[in-house]
Every structure is written in C-alpha cells, then in structure tokens.
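After the structure tokens below, expect a handful of questions from me.
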Amino acid sequence: MKKIKVGIVGGSGYTGIELLRLLTQHPSAEIVTITSRGEAGTRVEDMYPSLRGRVDLVFQDPKEAPLKECDVVFFATPHGVAMSMAEELTQNGVKVIDLAADFRLKDTEEFKKWYKMEHTCPDILKKAVYGQPETMRDKMKDAMVLGMAGCYPTSIQLGLLPLLELHKKVGNIVDIKQTIIADSKSGISGAGRKAAVNLLCAEATDNFKAYGVGGHRHSPEIVQQLSEFAGEKVSLTFIPHLLPTIRGIFSTIYVQLTEKGMEQDFQKLYEQRYANEPFVDVMSKGALPETRMVRGSNYVRIALYRKEPNLLVILVVEDNLVKGSSGQAVQAMNILFGLPETTGLEQIALAP
Amino acid sequence: MKKIKVGIVGGSGYTGIELLRLLTQHPSAEIVTITSRGEAGTRVEDMYPSLRGRVDLVFQDPKEAPLKECDVVFFATPHGVAMSMAEELTQNGVKVIDLAADFRLKDTEEFKKWYKMEHTCPDILKKAVYGQPETMRDKMKDAMVLGMAGCYPTSIQLGLLPLLELHKKVGNIVDIKQTIIADSKSGISGAGRKAAVNLLCAEATDNFKAYGVGGHRHSPEIVQQLSEFAGEKVSLTFIPHLLPTIRGIFSTIYVQLTEKGMEQDFQKLYEQRYANEPFVDVMSKGALPETRMVRGSNYVRIALYRKEPNLLVILVVEDNLVKGSSGQAVQAMNILFGLPETTGLEQIALAP
Amino acid sequence: MKKIKVGIVGGSGYTGIELLRLLTQHPSAEIVTITSRGEAGTRVEDMYPSLRGRVDLVFQDPKEAPLKECDVVFFATPHGVAMSMAEELTQNGVKVIDLAADFRLKDTEEFKKWYKMEHTCPDILKKAVYGQPETMRDKMKDAMVLGMAGCYPTSIQLGLLPLLELHKKVGNIVDIKQTIIADSKSGISGAGRKAAVNLLCAEATDNFKAYGVGGHRHSPEIVQQLSEFAGEKVSLTFIPHLLPTIRGIFSTIYVQLTEKGMEQDFQKLYEQRYANEPFVDVMSKGALPETRMVRGSNYVRIALYRKEPNLLVILVVEDNLVKGSSGQAVQAMNILFGLPETTGLEQIALAP
Amino acid sequence: MKKIKVGIVGGSGYTGIELLRLLTQHPSAEIVTITSRGEAGTRVEDMYPSLRGRVDLVFQDPKEAPLKECDVVFFATPHGVAMSMAEELTQNGVKVIDLAADFRLKDTEEFKKWYKMEHTCPDILKKAVYGQPETMRDKMKDAMVLGMAGCYPTSIQLGLLPLLELHKKVGNIVDIKQTIIADSKSGISGAGRKAAVNLLCAEATDNFKAYGVGGHRHSPEIVQQLSEFAGEKVSLTFIPHLLPTIRGIFSTIYVQLTEKGMEQDFQKLYEQRYANEPFVDVMSKGALPETRMVRGSNYVRIALYRKEPNLLVILVVEDNLVKGSSGQAVQAMNILFGLPETTGLEQIALAP
C-alpha cells in the first residue's frame, strides 16, 4: 500500500513531538518533512531523544520544506500560521489539518477578539470543517482543511453531546436558562513548550490553581459547538485549572435539568450514542474516571452521576496531547484517507 | 507564664504529627503526653525524624497516658474515639478538642447514618461547640468540648460565609432554589496515613480523579453550617477530587444569585467581613489563589469572580493539615486559653 | 499464523498489568488466562480501567486456570510461586517465564539467604536460563524455564557488559581490587502494588531517600552476572534510592580503571557491542540520558563519561516495568518462539 | 532591643523569597529594603502572595535603595553583583553576606575559569570569610564580607568534615589516591527562578537525570574546602542530578579508607564532632535520611554506612534553599551580630 506522505509544520512543541510519536508508529503514514524555524538543521532525535533510533529526520526551515509534495500537512504551530499557508497548500491538493485555532471559530469577529489578529482567509474558513470525528465524521471525509477541536473543548463537548442532541431532538431537557458549568483541570503540557516562569517545575508542581478565570480562548469554541448540538444558544461557565501533572484533562460538568430532563436515563442514552465510537468509553454506572486511565492513549472516558434530582454531573477524562490534540488529528487523517479510524492509535494507556 | 499542659491522643497520623510540629513551636504550650496504641514505646522522633532534636517524647498507650493531668487534650484519632473519652476528661476539668467528626454534627441520626456508629454521648454533644473561630469564637471561649470543623468544610464555609450572612440579614441574595456547587480538590494527606492501595504513590501521583461522588461524609456538616449562616436550608452539591499533591485544598464554588444578589459588591463585602480575621485573606480583585500560597501555613485565601451576571465564583485555598485541621485546632486552643489567636501559628507558607 | 497461547499467573500487580498492556498489543500472542487469587471473578477491565475495551478477561483462581493448555506462562508473582508450579507446567510442555527471583540465582544457598525460603526445584533451576537477551540470547532459545533479570540488575549489567567483557578478553582493564559503585535510583512502581505506609503518595512524593543500604536482594544477582562477564569475582557496592516518580531506573555507575583501561575508547567499544541490539541505545558522546527518554518503552539508554583519567562514569536509564521487567519478558517470549525480538515492543517513550 | 537593619539585593529569585520568609519571622531583624531591577515598584506581596499580610515592602531599584543605611546586606543575586557593590558598602560599615559565588573561591583564576568573569575586588576577597558556621564560626564573627557556602558544597563538606579533620590530625585515614565520589541529587529550585525550557514542569517532573557531568561550578569550591579540611589536596568526582522535587539535596558520598581508616568508629566520631552543632544531626546507626526530613528547615541530617570494609558511604540531606542557602545566610547574620545561631531558624520540617 502506498503510504500517506505527511508533513508537520512546527515540530518543536508538544503537539509536534506527540505527532511524531504517533505517526512513527502509524503503519500507513510516512513523515516526509518536519519544520521548525528555531531548530532548522537539528536532528529530530537530538532534540527528542525519546525518538532515538525511530525517526531519521532533520528539522527543516518551513520555507525550504517540501510541504507541497505531501498528501497532508499538520500544523502544530501557534495560532495564525496555518491560515497563512492554507491557501497555497490546498491549491496544490495538499490537505491541511490545523491543531491550532485558525479554523475552529466560524465567526471571524470572535476569532479576532480572542486571538488578537485578523483572519486572513475567511473563504477557506467557510469551507473548512471542524475536526471532531464523533460529530463531524461525514463532513470531515471530503474536507481540504480541518480545524481540529481544542483540548478542553473535546472533553466538554463529548461530555455534553448526547445530552444536548437529545435536548435538540425532543426539546426542553436542559434548563437552558441556567449556565452549564465546566470545572476543568489540565496537566501542564497543555500550556505548551515555552519558557515561562509560571510553568516552571518549581512553580507548578505540588501546586494547584485556577487561571484564565476572566475568559479563556476555548470558551467561544465550546459555546459554538454546544449551541450547535443543542439547536439553540447555550450559556457556559468555563473555569480552567492547572494540575501538577504532565498530561491529562479532567472536566467536571454540571448541568441543570428540566422536569422532563429528570426523567431521562442518561446512562443508557450515552451508552447508545457512543456504542460505535472507537475512542469514547462510557464507564459503567458508579465507576469514576481518572486521568491515568487515558495517559498516552486516544480514549475519552465519561461517567455520569445524578446529584440532586435536577443536577447531572458529567465527569470526563482525556489525554490533552492525544485525544485532545495530536491523537485526534491522526484520527482525522485516517478519516481523510479512508483508513479505519483506529489505525496507529491503539496505544493502551500507561498505567501505573 | 505557666504553660498549657497538652495531651495528644492518636499521634501517629498526619494530623497528629502536624499538631506536634505546631505545638513544639508554640511558646505557651507544653506537650505532656502523646498516645498511640500501635506505636506505644516508640520515641516520637524515631517515627518522625523531621522532629529529631525538637521533641523528647515517647508514644504512650492511651490507657497509661496522664491525660487527666492535662489542661487540654487533642484527639487526632479516627471517628468515635473522642466521644468514648470526652466524659471522663471533661469531668476532670480537661478540655477536649476533637479533630475528628464526633462533635460536628448536631443531629445524632445524621451522625449514625454517615459514620455507621451510634453517638455515645449526646449530652456532651449538646454542649459541645463547633470549632470554627470565624463564626463561633465567642461560644468557643467557654466550651469544654470543641468539635473542630473538617478540612473541606472549612474551605467551603469560609468561602460562603459573608455571602450567606448577607442573605440571612437582608434576604433573597442567593437563589436558594438552585444548588450551590462546591467542586473541591484535596491533596492526598487528607486521606490520612493509612496503608491502602489507592493512596500509593504509584497510583495517586501524576493522576487526578473524583471520588465520593455518591456522597461524602463532609456533606452533612457543610449543609448544617451553611444553613445556619443562611438562616434557611441550603442545597449543596459537593464533588471532592484528589490532587497529586501532599497538602492543599482548593474549592471552586459556584453560586447562583438573585437579581438582588446581582447588585451587591461582594469584593467589598468579603473584605469587610474578614478585615479583622488574622487567618482569612481576601485577595485583591483579579488575583487568584494557589494552594502553594498557603502550604504549611494557617491562612485561607479567597478570591471572588463574577461570571455571567448571576453566577458568583468563589475560589478558596487552605492547607488541609493546618487551617483545615491541626492549625485551626491550635487556634481553637488559643481561644480556649485566652491567648492571641495567632500564637504559635505565624509560619509563612513554604514557597517555592 | 497461529497465535502463542499465553497464561499470566499473578496478574494483579504492576508487572502483571504491564504484561497485559504489552501482550494485548502483541500481534502474535493471545492471552488465554490470567490468574489472581485475591481478584478471582473480577473482570480485568474493572480492576484496570486503562484496559477497558481492550481486554475481555476475568481473573481466574490459579487452581482453575487452564495454564497447562498454554504455550507459555508468565509468573508476575512474589518470589516462590513460579518454582512451585514450574515442574508440572514444563512436564506438560509449557514454557515458563518467571519475572520474580526463583530462577535467577544459581546458588541455592544464596537464594535461601536472601529470600528466606528453600529452593524447591534445584533440578529445574540447573536447566533454567537467565533471561537477559543481550547476553543469553542463544541459550534462551531452547530453554523451558527463564529466570528473567531483575530491574536494577538489567540497568547495571547492561551498563557494565561491554567493559567487563573486554576485561575478560584482554585482561586487566578494570581495577578489580576496587569495588564498582552503582548508585541507582528507581521510581516507586519498582516496590510493587502493595499497601504499605512507606509507599503512600503522601510519604514518597516530593521526597528522595536511600533504602536497603545494608543489603538489597538484587546484589547477589548482579554480582553473579558481573563476575560471569568479567571472568572473575567482581566486588560491587550497590546503593538503591527511591525516586518520586512512578517509573524509571537511573543507575550512575563508577568504575576504576587500570592504566591499561585508561587507554581504551569506551564510547566506541559500547557502540560496537550494542550495534545490533534493538533495545540498547548508546547515546552520542556528551549526551546524557533521562528517565523520561524511556518512559513506557523497552529501551535502555547508556552514556559514558570519563572523570579523572581512571574513573569511568556510566549512566543508564530504563523503564523498570518494561525493559526492567515485563517488556524484557515479552522480548524473551519472542526469542522462545522464534519471533523478531521487537515484535509487540515498538512503543515509543511517552514524552513529555 | 534594636533590630538589625537588613537589605536584600536581588529579591525576586528563590533565595530572595526564602530570605523574606525567614527574616520576616526573625525576632531581631527588620527588612529595610529589598531590590529588584525587573520588579521595581511592585509590592512584594503581589509577586509573592505567600507573604500577603506579612511583608509591607515594595521592590526598589538597586540604585535608589537605602542599602548604605543597613547594618547588613544580603546578595541573592547572580554571580558578579556582590563584588560590584561590596567595596562601597563595607566602606560605609555595612556588612555583606553574598549567597552567590563572588567570595567563595580564594583563587581568582579559578573564579575566572568557572564564572567567565574577572574578579573585580581581589583585595576584599582576601579578607572575605567563607560562610560555613560549622568550620568558620570564629573567623566569621568579625568579617565584613561573607561568601556563603553553596548548596551542594554545604551537603558534601558537612558530610566529609569529621572524616577529613581526623585524616588531617592523625594522618592516613582516607585513601587519598582514590577520588572521593559525591553522587548528589537536587530539587529543581536549585536551578533558580529563570524561564528556561529544561526547567519546565512538563520537562522536569516525573523525570530524573544527571547534568553538568563534564564539570560543575561547585566542584572547585568543594575541592578547596575539602582539601583545607584534609590538610592536603583531595580528589573529588562530583556528579549532580536533578530531582523532580522542588526542594532538597541528597548527597551519597563514597570514600575509600586506608587500613588505618577501617579501624575507626565513624559513627562516634561524627556524633562527637557535631554534638554542639545546632543544625547538624547525625542520625542513629542504621537510620537513613530523606529529603522531606529537612523540608523547609535549616537542618542537615547525616547517616553513615560501611559497605565493603574499606568503603564508607555517607548520606546527607539538606534543604537547598534553607541550610543550602538562605537559612545558612541568616545563621551567618546571627553570628555576625552576636545572636544565638538558632534565632529565627527554628522552623521544623514540613512533614508530610
């Protein structure tokens, strides 16, 4: 079988190395080029010795990298890079999978507000598809550009999807006048591989804190998607916290139900909705997820609990670098190229 | 000045060693005896080498320890021990400070339900005072028995106190028909020093999980106290989580406000309410607490944030072994014996 | 291709779950049965939710498990179990791979001294082969019983192998009158999944200590193997320490060289010796290993450094649960059944 | 009693905040000024909320700070700063305590080699005293400038002091032809509060590595001091490693003994040598130190173990920010001003 020729732009961050880890083990992918402005000329395995003996690549300057010869290019870059290159690539028949935010928000004004830059290719944005297999699989198949779901959004959206779909379908399940609360906690790799005092080990380990309380960039994305699921505008209160772990997102979601909502069997609803999803695991009634249950794997695990009759508590875990980012991007590549979605993604979580 | 003669029952757990750390540095206390059934005969500093050179004590069997000669006895024991000894001690004029739950819940049926044992001294319970200086200072002064506030309850109650007091005073501030949500996270020392697989380093570090979702023993205590503050029955959804840190509790509290509530200046309210509290710090507007800001100290730090106009988010940190337990107990001792409350409790948090 | 029928005895510890993780992803192995006295009847995925959806097995009582129908049985048990079952299994043509110490030490008196039990099958011990592919590959191929190398021993022996082989071959390289020093550090999973206060998260995290200074069970094994490599009795000072990490062993080895030894190019020697070893990586000159470079993978990475002309410092990392235990055992299975050694063991280290 | 007027130059790093923590609790010291070029104008408690309510200071620009009005100025700065200001301060009668390396090495060529800068005040250096109370107490009393011992050096020097003093006194105890090996491990705060990718939480936690293997700046300092103790040139192999903890140094020291050395009772020797040292604890025979036994305290704890008859293993723990730096500096201040050495330094280690 001919392998998919893959390019990675921005390979020196955490989503970049995670793409390397996953794609190196992918039976149908071949990494043709990986770029890094700052590390051009450095052997990948010198920078990431965990890949010694497994990757025979040198970081290339993005200008010199043969990206146009690829079948697909992943952008593991800061916001703004993918949109500067998407047009040229797609015109050359190269598919684009952006792990950053350039193609997530449909509203360019919202994009500008949160990312402090103009959107430079609104036409491509219109055709771009939001990259979340569980909800967009069919549309993703034929897309040229995918704007992959963010890490927090993936956990919160998959946690709420069956509930809000039901709300849309039968109406009046969630008390839509009340805000949905997502109290999320993320391991520190979510903040990226950047030298910053607040991310130092001596600052962040043996510690726990909230951040971005005043407004986090992932909020508009989540609201956009939840509202899409629900068929009406949803209010969300999203409070992110920083865990002293490397990987893992844990979202504790609180939803107020209507009287009609209180009568539903959500355990059954979720199990049915996700029965055929290879990477979404609805845990048994009474079981509780832990971040280590997905460490290094592409799974999301979800548990449901009813406190007070009208309050549904939804607990979701994912590995922010896998299902929350690079793993989901590889899953998207599998969809783009007609492969089984689990190809190259069958790593089992590392436990203990 | 004559020193307070102190006894500690159950000195081999984490609240026990924390009492030792604090009382050893207390200028007006003298530890007369410390008991441990399992460790009787062991030198304290052999078991806890962090105390080498500072404590010249041997664990005694509780039956042989001169507890009745003490001025005050701390119970750093499992639930049920303090109530079995409180009568004899108080009859001998010895004050009792229980760090466990024997004297927290006023309703003995509730106690039985959550702690799976009969309350054996309801008469003493009636006279016992709930140990939380910020709300019970005056009553605590003359008490013979104090049932100290629990670790989670301290963080949640102090986080809600000014708000609920206002609600009681002027009415209709909090939307009392909605449940208050306390999404709490605790370091692992809160689970105590007991050999259990789920508390192993290889199980609990680099991990994050919820637990006790179905109902935690601290719930009835918190509801009892919040309802007292509010002047009416309060509904609470309390979801505890386990942090991969040794110490620290972080409670993120979500409260839905009425229209009248939305008009209040909570920052000012909290600052005023706690202006004279030596250990409660209302952080500046926009600042956010972190658990390391109280590591090893008796402070609680609180920040307030208004999301959606009708949703107040309250963020609270404490060290579960200090303000959440042994430190607050020493503060209570200071109250009982007429000392300044900060005596022996001026340790500054260890940072980094 | 017909799959290898595998049994696992003692599946509820860390080496057991790690075997499950690896064998589940192994293309030529089929787990037929897994036993656990304490967990008989429990679904494996209920105990280890990281395996949900990937393992459809129930723990069986060892007495009822169809071990004799297997092609190979792994013992992930405490010391003493494998030797009680090895005879019956091998007589039925079932190969035995013991991850514990029953078949490591050739001297039954040494075994008795360190493990406080008689060796019950010295005849089988005589025919058993020490399980370390890099040194015993050829003998392992035809063995019925393998006593797999321990975790610390693997790191120290692979760190010293080329040097001591040279010493044996040309003589007088290492100053054999001086003790070799192995200052080793292990993540806490090396202590196993047992409820013990000293292994608690609140005790072992944010801490570092030495242990077993007076003598560790791995010493006689290491001395046995090093002496075999060197062709003469070697003296070893082995000081194990406990790291506040879950996985990973780091051995810093200090060897005093003779004048003849000082003239050698050890970097070249090691690179040549391990050139064809799929899992031993001699790092580039000047590079230094870190435990995260092998986290979750079967690699050993080695760096050499010459301090003082006559002192060779050898730095070795491995994942104690993979190359130090279950991974090496799967590698051994591959050898026993004529498969490429890397089959099912190509996981790349999880970084970050 | 009149308080000592204290200035701190370079207050925004970890040794700076640790000085703040300790001096704020010191009964005889008053912090008059604290400087930080980068943070001038910032309230100290805004930068370090752990000090909220306890420190009423604003970082000042070093040029505007009233340093000359102080009795003593601590330099918690990068190397090179103290020597640029020492002359002016001492001429004004202000004592200088440098926590960096400007006044540690007596040989200015060595200083230049390791710190890549010329020494600018060799005359002051000649009169400066090395700041290690256990060996230099008498000389420190009258010094105007103290070059405080480094963090690693403190642990290694105190670990070897009694042994080398005996060697000097009676001769031929240590096999001086062999190198002494110090395998040291440090928590990450030792690397300082600087934004660097290799110090990120996602890089350094759940990891262990060696570094500076080719030569660490602390080597010449340690060799200088050990040679002074021994009365002859000592050879040292020092391999530092990075622990995934915030605080704590653990040095495992290996010394080869002569036949005469083998006859000594080192346990007794150490106990006697340190009997009157308030901060050096020789642990009981058989006991082993752990870094948490000194977390946040000014103690050093030492254990001795004899492996092979001729190999002495010495295990030493300290908190790198307290006894390894700021605590020892406060101890030095106490000596300079005739106070009991333990003043303000009686914090007990935080355990758990």
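Letters A, B, C and D mark the chains as written, and numbering starts fresh at 1 in each.
Here is the rule we use: a contact is a pair of C-beta atoms (placed from the backbone, for glycine too) under 8 Å apart; a residue touches a chain by one contact, two chains touch by 3 or more.
None of these values were measured; they are calculated from a predicted model.
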### Message
Can you check which chain pair, B-C or B-D, has more C-beta pairs in contact?
### Response
B-D
### Task
Average the CA atoms of each chain to get its centre, and name the chain whose centre is farthest from that of chain B.
C
### Summary
Rounded to the nearest Å, the gap separating the Cα centres of chain B and chain D is 37
### Query
Distance-wise, how many Å sit between the C-alpha centres of chain A and chain B, to the nearest whole number?
39
### Query
Between chain B and chain C, what's the gap in Å when you average each chain's C-alpha atoms?
46
### Task
Would you pick out the residues of chain C that each touch at least 2 other chains?
14, 189, 193, 202-203, 206, 244-246, 289-290, 292, 295, 352
### Task
Using the touch rule from the top, collect the residues of chain C that touch chain B in their complex.
14, 187-189, 191, 193-197, 199-206, 244-246
#### Entry: Complex interface listing, chain A residues touching chain B
178-179, 181, 183, 185, 202-203, 206-211, 213-214, 235, 237, 239, 241, 243-246, 248, 250, 252, 254, 256, 286, 288-292, 295, 305, 307-308, 311, 313, 315, 352
### Query
Where on chain B does chain D make contact in their complex?
14, 17, 21, 24-25, 46, 48-54, 189, 193, 206, 246-247, 281, 283-284, 287, 289-290, 292-297, 299, 301, 321, 346-352
